[in-house]
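By letter and in written order, the chains are A, B, C and D; residue numbering begins at 1 in each of them.
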Amino acid sequence: MDNNFKSLTLKNIKKEFPGVLALDDVSLEAKAGSVHALMGENGAGKSTLIKILAGAYNKDQGRILFDDKEVNIDNPNDSLNLGIKVVYQEIALIPEFTVGENIFLEKFPVNSLGIVNWKKLYNDCNNLLKKIGFNLNVREKVANLSISEQQIVEIARAIFQNASVVVMDEPTSSLTPNEIEKLFEVIENLKKNNIAIIYITHKIDEIFKIANEVTVLRDGKLISHRDIKDTSEEILIQDMVGRKVEQKFDRPVKSFDKVLMNINNISTKSKLKDISFNLYKGEILGFFGLMGAGRTELAKAIYGYDNISNGSIDIDGQTLKKFNTQTMVKNGVGYVTEDRKGEGIIKDMNLRENMSLPSLEIFEKLFTINKNKEKKISNEYIDKFEVKTPSSERLITLLSGGNQQKILLSRWLIRNLKIIILDEPTRGVDIGAKTEILRLINDLAKDGLSVILMTSEMNDLLTLSDRIIVMAGGKISKEFDRNEATQEEIFKASVI
Amino acid sequence: MSKFFQKNETILFLILLLLLVFLSFYNPQFYSIQNINSILRSSSTVMIVAFGMTILLTSGEVDLSVGALLSFVTVIVMDVINISGSLFLGFFSVFIFCFLIGLINGLVRTVLNVNSLIGTLAMMLILQGSVYIYSMAAIYNTHLIPAFTFIGQGFVYNVPMPVIIMLVILPIFVFLLNYTRYGRYFTAIGSNPFSSNLSGINNNRYKLIGFIITSLLVGIAGIILASLMDTGQQGSAKGFELIVIAAVLLGGTSFKGGSGTILGTILGILILKVIDNGIILMSIPQEFQLVVPGVILILAVYFDTLRKEKNG
Amino acid sequence: MNYIQKYLARGEVALGIIFLIVFVFFSFASEYFFTLRNIMNVSGQLSIILIASIGFAVLLIAGEVDISIGSLLAFVAIPLIQVMNFTESVTLGIIVCLLFGAMIGLVNGFLTVYLGISSLIVTLGMLFILRGAVYLYTGQRPISDELYSDFFFYIGNGKFMGVLPYAAIIAIIILVTFIYIMNNTSYGRKLYAIGGNAEVARLAGYNIKLIKLSAFVICSVLSSISAILLASRIGSANHVAGDLFEFQVVAAVVLGGVSLVGGIGTLTGAALGVLILAVISNGLGMLNVESQWQMVVNGIIIILAVGFDEIKRRKN
Amino acid sequence: MKIVSWFLAAVITLSLAFSVSANPKRIGYIVNYGTHEWYQNVIFGLQSRADELGIELEVMDANLDINKQTQQAEDFMTKGVDVLMMTPVNEEGVVPILRKAKADGTPVVLEGNPAKGMTTLFAICDYDAGFKAGDAVGRILVSRGESEARVMDVGLPLLSATVLRSLGFMEALAQHVNAVKVHELDGSGMIDSSVEVASAALAADSNINVIYGINDGSALGGLQAWRAAGLPEDDLVVAGTGSEGLAFLNEMTKEGTPYLVEAAMFPEGVGYTGMNLAVDLFNGVDVPEHKVTPTLALTVHNFAKYYDFDKAGQKRAINFENVANIPTETKCTKYASDL
């Protein structure tokens, strides 16, 4: 917006959510014409930081300087007026709108009567897309686009007008290698146009291709800020995880013999193609995949939440072709969702009720729920997992994310379970709770429970899994045994 | 103590108490047995249906066809008993009919996936029309079976029969919502349908049951109303659905599902009915029977929203 | 081929075909139906519900709902007729009537948007309050139009060149204007965006509260225009006017494919929904079918149309 | 003999043919609330006379929707009926229709209440009907040796017609005994709301010996509330209004019922008279502005003269001739304008 723009600086930013200190004294400077990479595990505070930049959250403390002048970002409008444009990780588009409309969502080209100049809108859009080398029908509804095309629309929207700072949150997570190359060209172009870029990614190789400097966050704290020349993959990983990848748990390599579940050629209409694998008793089977690889879809298909179009599942010698969540729960399968707020907790219920929901028959006598027994058992689990709460009668919404997650895990553990599917069990969970949850998973497997563990946290994946299956594009791309898996190999398999 | 005041029921109870004190100052007749019986009797049909509506709203659904069904039931029960001379057959056909209507409402919601606001609105139109296709004329009591008259008009130890019927049904629903897993399921389904499905609960089955229960309760209320009017009257119970829904919402059940208590519903109905009664006792223009509940509804839900925001 | 399929998949096209079938059926079934006079009559008759449906659809698209419009119809007619009777000015009456409508829209919108009460609850309460206020003020006696002006009579009853009802002209102008606004102005697109995904709209810097508030006002003001047409047609401010009107509007708009969750649907669709129900009602009347059958037919059509639409949507 | 009968038949046929040619062919009637029993019987009367005269009668039901009634009037004019008959949802609301019909050249006959711009009207006299019932109740009270009537009036205070009924009833009653109106209620004319408001009123004060209902639903609702309150029926007198349908006949013929008087308005007779009026208007015969239809206080002793009541079959058949012979006012004693 301003050709003389020099830099955007965040100073000593602090942001607290109930129970979690999301950002603690974080500073960051984005310089015009340069790419500042921001790294960190899930939950390190990157998303919170960009939401503050976008005006979606308000900071608790700290200052934001635009060209050395202090500015307020109280709402999205303030942010947009400064030329801060964000490409969100979750697709933030209006599905019923066309590509062109979505790109111009902020400000439609209008005349003085507020009438949209469609010709100009679509022409400009076409030109923009052509310029940055992507080929999309600008009049197509976004709902009809693939995920990667939608991501391109997001990127195009952020850069098409008046940007001074472009924030990209995992922009390549669902792009093809070809598209990623083009995106990097776009970024080079932005640099030339004196625009500052904050680039968030998990993919270390990307950073060395495009970034000028890199900042690492961990658990809401600023860990390091280095020039790209002064760093290496090793150092960055160390900064992110805080230590070299190491064994946190006592989980020796061993072989399993009793197959508990066979997944035979499962496909779904939307995503999954021909997936087969076995799950052994007492095994932790890790799944890795980048966004859009189909992990969550697989979990939901196995669990009977989404219909499968093909294939079957054998559990305990029983072959299932048509099944739903009830079938799976009856067969001793449990599922903990990645979307705790949307699909996990029941906000109108207390801890006890949330915990006992799938297992009420255990507490039943003559159609009556024995609330004392229910309280007793839920208190046992509250104690066992050190859930921080005054009582089991507290509304679940009043707990922190980590404690909520412990309750959701307990939801399944109070019943007789054979298999548990965990989808990002440590996402949005503070570090203390995280370690406890991981230890718990390990203990459960030792007791003979089979665990399907889907996580993007490489460290957890490597230290806990007996086998690791890597997914890409709705298919299984590679399978590793515990002793042969390395970070690099897994990454490589996931970007095929 | 502060927890006690945070409860919606407490606030409703205080409102009710204020009303009762105010009215008793104004008119000493208010506390006569007769007047209390009159309030309770006219509350009981609303309450019986509201028990079902509480379940439905808790599970995130609504049934607008209850009023139309209620007047249809009065016609059916009177007609069948007139023809057959058998109370059993009369009640039986009512419950079969109500079961079918509830089933259709539920299937339209769960199979056709039509928003229940629209589906039951359409059912309301269908019932309002077809009751006249069933019979243009009101059906009068020609069977003269005393037991039938007793249902709506009788007393047991000075307590009106409809109140007794309501009191028999009440504990079933208190039990159902608070002490059985089904109550939990309805709350879970309304509060977070994804989560409840992922917990192995068949959302659609319980929604279907909710619609059927509500319709069956309308059947009971319809039999009482028919006895009270001594007539099967098409077009009776006008606006009944709105009163039931308003009372349940006033009682703290959320329109978005998830939270609802029978106690709240009962208090909601009593408040509305005491206001109605007070307006007649005080000889205030009866038009206020429309205005006052409207204001109270908005205020009650507003306070509820405020309180929920405070709780995060 | 692909293009044709895509075209047919559009909700409005399916509705248009249903409309044509209904229309052709009645043309053959009744000798009176397909006459210029009848078609012009129907077009005048449906304009009242059409205008209110446009406002209602705009609000639904923005993700909110107003079920108080039936009571509003009766309520705002009172200032209209009273001002006309006192000042002998139709224009003044209309202005005051529209102002009252706008005020009610502001109140509904304020309670919903700024106090955060669900619009369904707010307007359910408003439904009771306005109807009660009408009963109280009028003592349940209609207030007659004593001015008896030709101008006011012609608004709802007159026909341009003796053929096309003025009411229909007003409705068509409003419909075309709002179709244009919804499709071609940034304001209209913002309404869609807000109803489609409020969070995205917020991040795009929209003033969601203000825009939603304006949608409430649009809904109430358009309903007030319906109220003026109705008052002209019944020559009075009538306490029974608009009873169950909100249900008719909801049915027509939803039949027209406007989603109750917001962001989805078009005014063309809503208008077709109104058209279909109006033609069925008129046609059955021309065939001497009792009105109770009309209710049953309407109920079944709504369930089937919405159910069909949902199934189609789920398939995609 | 054969020739005579042939001749007679020819005369009858000819005269019929003649009369048919002078009559309207099609008449449209818009009823305000067609599902109500009273109006079903009005329609029965209209149809009976229309059949006799060979007129095609079409009926539409506005179902209390004033907007719909306006549309239906337009629809009838589009269909080109010879006479338009209507019972207005309310009188103020039909003024524009009358104006339109005049422009269209369609003659209009109203039922019920006068409206601005109308030509002719057929209706009962509400005040007189109430008066006749009050008179009958007064006589009963006197015969029982009572000197005071304490009345619960289950009324509809917001309709002038029903207010006139209540007024007539009370004024007639006052001619016999000391008449006190203890409760003045709004039962909406519906049995269920009447039960509700009467219950509340009786709870406040049940020292009542007369219940008057402005229609049958109101009277029965009042009586049902009395019964549901468990009050003794021995000294009570209930009077209803309308002879709408079977309700009063069912109740009145019960053993020991307090429902003793019905202000009968003979809806079938109303319809019958109305059809004659429509034919007269069409034929250009001079018609009165208000054609009064007969009313009478019916009791268990005299109803059989006018109604043949089949209790088992739930049917009633009116005796049009006897109803027509009831002496009828040429003008009502009081109109809405007198209130």
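In the analysis below, contacts are C-beta pairs under 8 Å (C-beta built on N, C-alpha and C of every residue); 3 or more make two chains touch, one makes a residue touch a chain.
All values derive from a computational prediction rather than experimental measurement.
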Given chain A and chain C, the chains that contact each of them: B
Label of the chain whose CA centroid is most distant from the centroid of chain A: D
Centroid spacing, where centroids are CA-atom means, of chain B and chain D in whole angstrom: 35
Interchain centroid distance [CA atoms averaged], chain A/chain D, Å: 75
Chain B and chain C: spacing of chain centres that average the CA atoms, whole Å: 30
Contacts with 2+ other chains: residues of chain C: 140, 290-292
Shared interface positions of chain B, touching two or more other chains: 132
Residue numbers of chain A (touch at least two other chains): none
Touching pairs - complete list by chain label: A-B, A-C, B-C, B-D, C-D
Residues of chain D that touch chain B when the two form their complex: 35-37, 40, 185-186, 190-192, 195-197, 199-206, 217, 220-221, 224, 227-230, 245-247, 250, 254, 311-312, 314
Residues on chain C engaged by chain B in the complex (per definition of touch): 111, 115-118, 120-122, 124-129, 131-133, 135-136, 140, 247, 250-251, 254, 260, 290-296, 298-300, 302-303, 306-307, 310-311, 314
Chain C partner contacts - residues on chain D that touch it in the complex: 34-35, 58, 60-61, 63-67, 70-72, 74-75, 78-79, 89-96, 99-100, 116, 158-159
In the complex with chain D, residue positions of chain C that touch it: 32, 35, 37-38, 41, 44-45, 48, 139-145, 153, 156-157, 230, 232-236, 238, 240-244, 282, 285-286, 288, 290-292
For the chain B and chain D complex, residues of the former touching the latter: 27, 29, 32, 34-39, 41-42, 82, 132, 136-138, 140-142, 144, 149, 152-153, 155, 160, 225, 228-231, 233-238, 276-277, 280-281, 286
